[in-house]
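Here's the structure, in structure tokens; my notes come after.
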């Protein structure tokens, strides 16, 4: 099991952002996290990534507890959040190079330029990130999944800020993840698109799992609830 | 469209070449490989910070200008009494460095917070200790860069004329002072940069803490500038070194807890 | 929880009783000192304040390490109590020291090693309290204030030695020489009394903090009743 | 006391200093204890 969370709960102040969440994701599975704003999707992803400590319950990624062994667990996962984790004054190539070096990977132009090419930033690798549109930043952020070779990818609103071509690109990647046995946890508002990609779905309401099932049904339920 | 194969087997061989431990083998994380990783990552962080520093040169320039302005203000505060100014030179220099340092230190983690970049670094398997030493070294270098301007300006303003050979000593002591401010400064700016009142909190926490460094630095600089009749410079330098050793190890030990998940 | 902490009131009352006795002896029974006369009597509160303040901060260090180690709220509460009581005692210590300096040296402040170190110590730990008040997330508040407290505590001896060395260039450090046997009794009584009172105050403060921390503990919400559509 | 600072002889009129020091201490401690008691009456109240 790539990801196993049981009884997961997190309290911020007096407010439980997440409670009683049980979740298992097998290798190569794509799971849709649906839910209104504030339903706990982002908190769940951050808990899984080990960026937030659970108040209750446990997470294990390929058998590793992200709180006990943060470095080991982070080697297994990639996260794309709404923040692009970038330094505005660095260029795309420099940013990629720092990531590659920190991962202990070769970081010459020959190694990195093809990746930038792949995410559609080929001609612009020497421009500083400050001038990038939100969509370009997202593309750049996706290079991390290419570098880290994760077993689990956490995607927080991966389609936002992307144009049609960018969205198709992300879809292609998610398919690629599935084919290569990498699990994906996908939190998205772009329900129809996300539901098509996902194997199954989970609906969060007020931080709790309200419904599980086929991705399309989960999407339909959320749409019905918000309509 | 997609030629990505993100789930492919982890690149064990490439990881080994650059000193990082093999991702899938906990046994590979021996002590030596830990230190190799830490050193590599420290240098990566340092290099990144220096690059960012270079890209935002205007910030360095404004901090230098701020230091010059404080030096000027001290002379107004003391009055046009050349003798009093001369006697206070060492103290004014160190105070100018201290006041400028809070600007530089605060900014160094603000850059990391801006787009949650520090979180991005932590999501990569970075050793928190490496992050600390990289950033602290970066801050030390940043503060050392103030010396070539602030020291001559102070000497001119307060009409002190040390021998040419003393400039190396002055710079060495400046470096030690900068390092002594940077270690606790990096720790506290990492914490306060996430809080609302960083501008107040950072000096409030940092200034009392670095009193030993300040005293040592003022005393040692003063001995260089006004003559070291009793040969005390050596012992004050050793004391500054000792303070540095304590701060750099202590802050390095507690830093990982300061940036862990909450 | 509240029941288990009742012992501290006995400690406090005992401390109050002893401090009355010690002060009485110190003021009216013990003889005036040869050089300093009656001013010497300030020592019977001054030295106990200093000792108990230092013990408070040592306790803070222990509690901070324990709090970092175990992440338990109880230690966080004790640490906060220790810092606050230590700061109060140090502030009193500084005022007494200032009065002492005025009486013996004719100035309100002498850059005496102990006086200076106490002032820096007060500022260090006040900084920790300030930091604490700005952090909203409970885990983070506990971790960061423990870190700041540890760093501050380690810094105190550095300040002491540094100031001593700085001072030694000007004049030999001066402080009241201890002490003939008639003066030992009130000193000891008050030292014990201040310690007991400090423990009492820390316990009350820690209990307040613990109640505050536990008030943040909201129970996990009930399982959702999902309405079927 | 070093003799350079403190010449021979007894400081006269020390009692005013002693009274000042003792009353500052007593008042300081009492005020703090009073604040503790009043805070523990209403727990959870941010001071």
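As written, the chain order gives the labels A, B, C and D, with residue 1 at the start of each chain.
Quick note on the criterion: a residue touches a chain if its C-beta (ideal position, glycine included) is under 8 Å from a C-beta of that chain, and two chains touch if they have at least 3 such contacts.
All values derive from a computational prediction rather than experimental measurement.
Novice: If you tally contacting C-beta pairs, which pair wins, A-B or B-C?
Specialist: Higher contact count goes to A-B.
Novice: Would you mind checking which chain's mean C-alpha position lies nearest the centre of all protein C-alpha atoms?
Specialist: Answer for the innermost chain: B.
Novice: Quick one: report the Å distance separating subunit A from subunit B, using the average Cα coordinate of each chain.
Specialist: Whole-Å distance between the two chain centres: 35.
Novice: When the centre of a chain is set as the mean of its C-alpha atoms, what distance in Å lies between subunit B and subunit C?
Specialist: 32
Novice: Could you tell me the distance, in whole angstrom, between the mean C-alpha positions of subunit A and subunit C?
Specialist: Computed from C-alpha means, the inter-chain centre distance equals 49 Å.
Novice: Rounded to a whole Å, what is the gap between the Cα centroids of subunit B and subunit D?
Specialist: The separation of the two C-alpha centroids amounts to 41 Å.
Novice: For subunit C, write out the residues touching at least two other chains, lowest number first.
Specialist: 137, 139
Novice: Of all residues in subunit D, which are in touch with two or more distinct other chains?
Specialist: none
Novice: Which parts of subunit A, given as residue numbers and ranges, touch two or more other chains?
Specialist: Only 53 qualify.
Novice: Write out all the pairs of touching chains, ordered by chain label.
Specialist: Inter-chain contacts occur between A-B, A-C, B-C, C-D.
Novice: What part of subunit B is in contact with subunit A in the complex they form?
Specialist: Result: residues 1-11, 14-21, 23-24, 26, 37, 40-41, 44, 48, 51-52, 55-56, 111, 114-117, 119-127, 260-262 of subunit B touch subunit A.
Novice: Applying the document's contact rule, which stretches of subunit D touch subunit C when the two form their complex?
Specialist: Where subunit D meets subunit C, its residues are 1-2, 4-6, 8-12, 14-15, 17-18, 20-22, 24-25, 28-29, 32-33, 36-37, 39-40, 43-44, 46.
Novice: Can you check the complex and tell me which residues of subunit C touch subunit D?
Specialist: 23, 27, 32, 34-42, 45-46, 49, 85, 88, 91-92, 95-96, 99-100, 102-105, 171-172, 174, 176-177, 197, 201, 204-205, 207-208, 211-212, 215
Novice: Inside the complex, what are the residues of subunit C that reach subunit B?
Specialist: 68, 120, 123-124, 127-128, 130-131, 134-135, 137, 139-140, 143-144, 147-148, 150-152, 154-155, 158-159, 161-163, 165-166, 169
Novice: For subunit B, which residues are in contact with subunit C within the complex?
Specialist: 184, 187-188, 191-192, 195-197, 201, 204-205, 207-209, 211-212, 215-216, 219, 232, 239, 243, 246, 250-251, 254, 257-258, 260, 262
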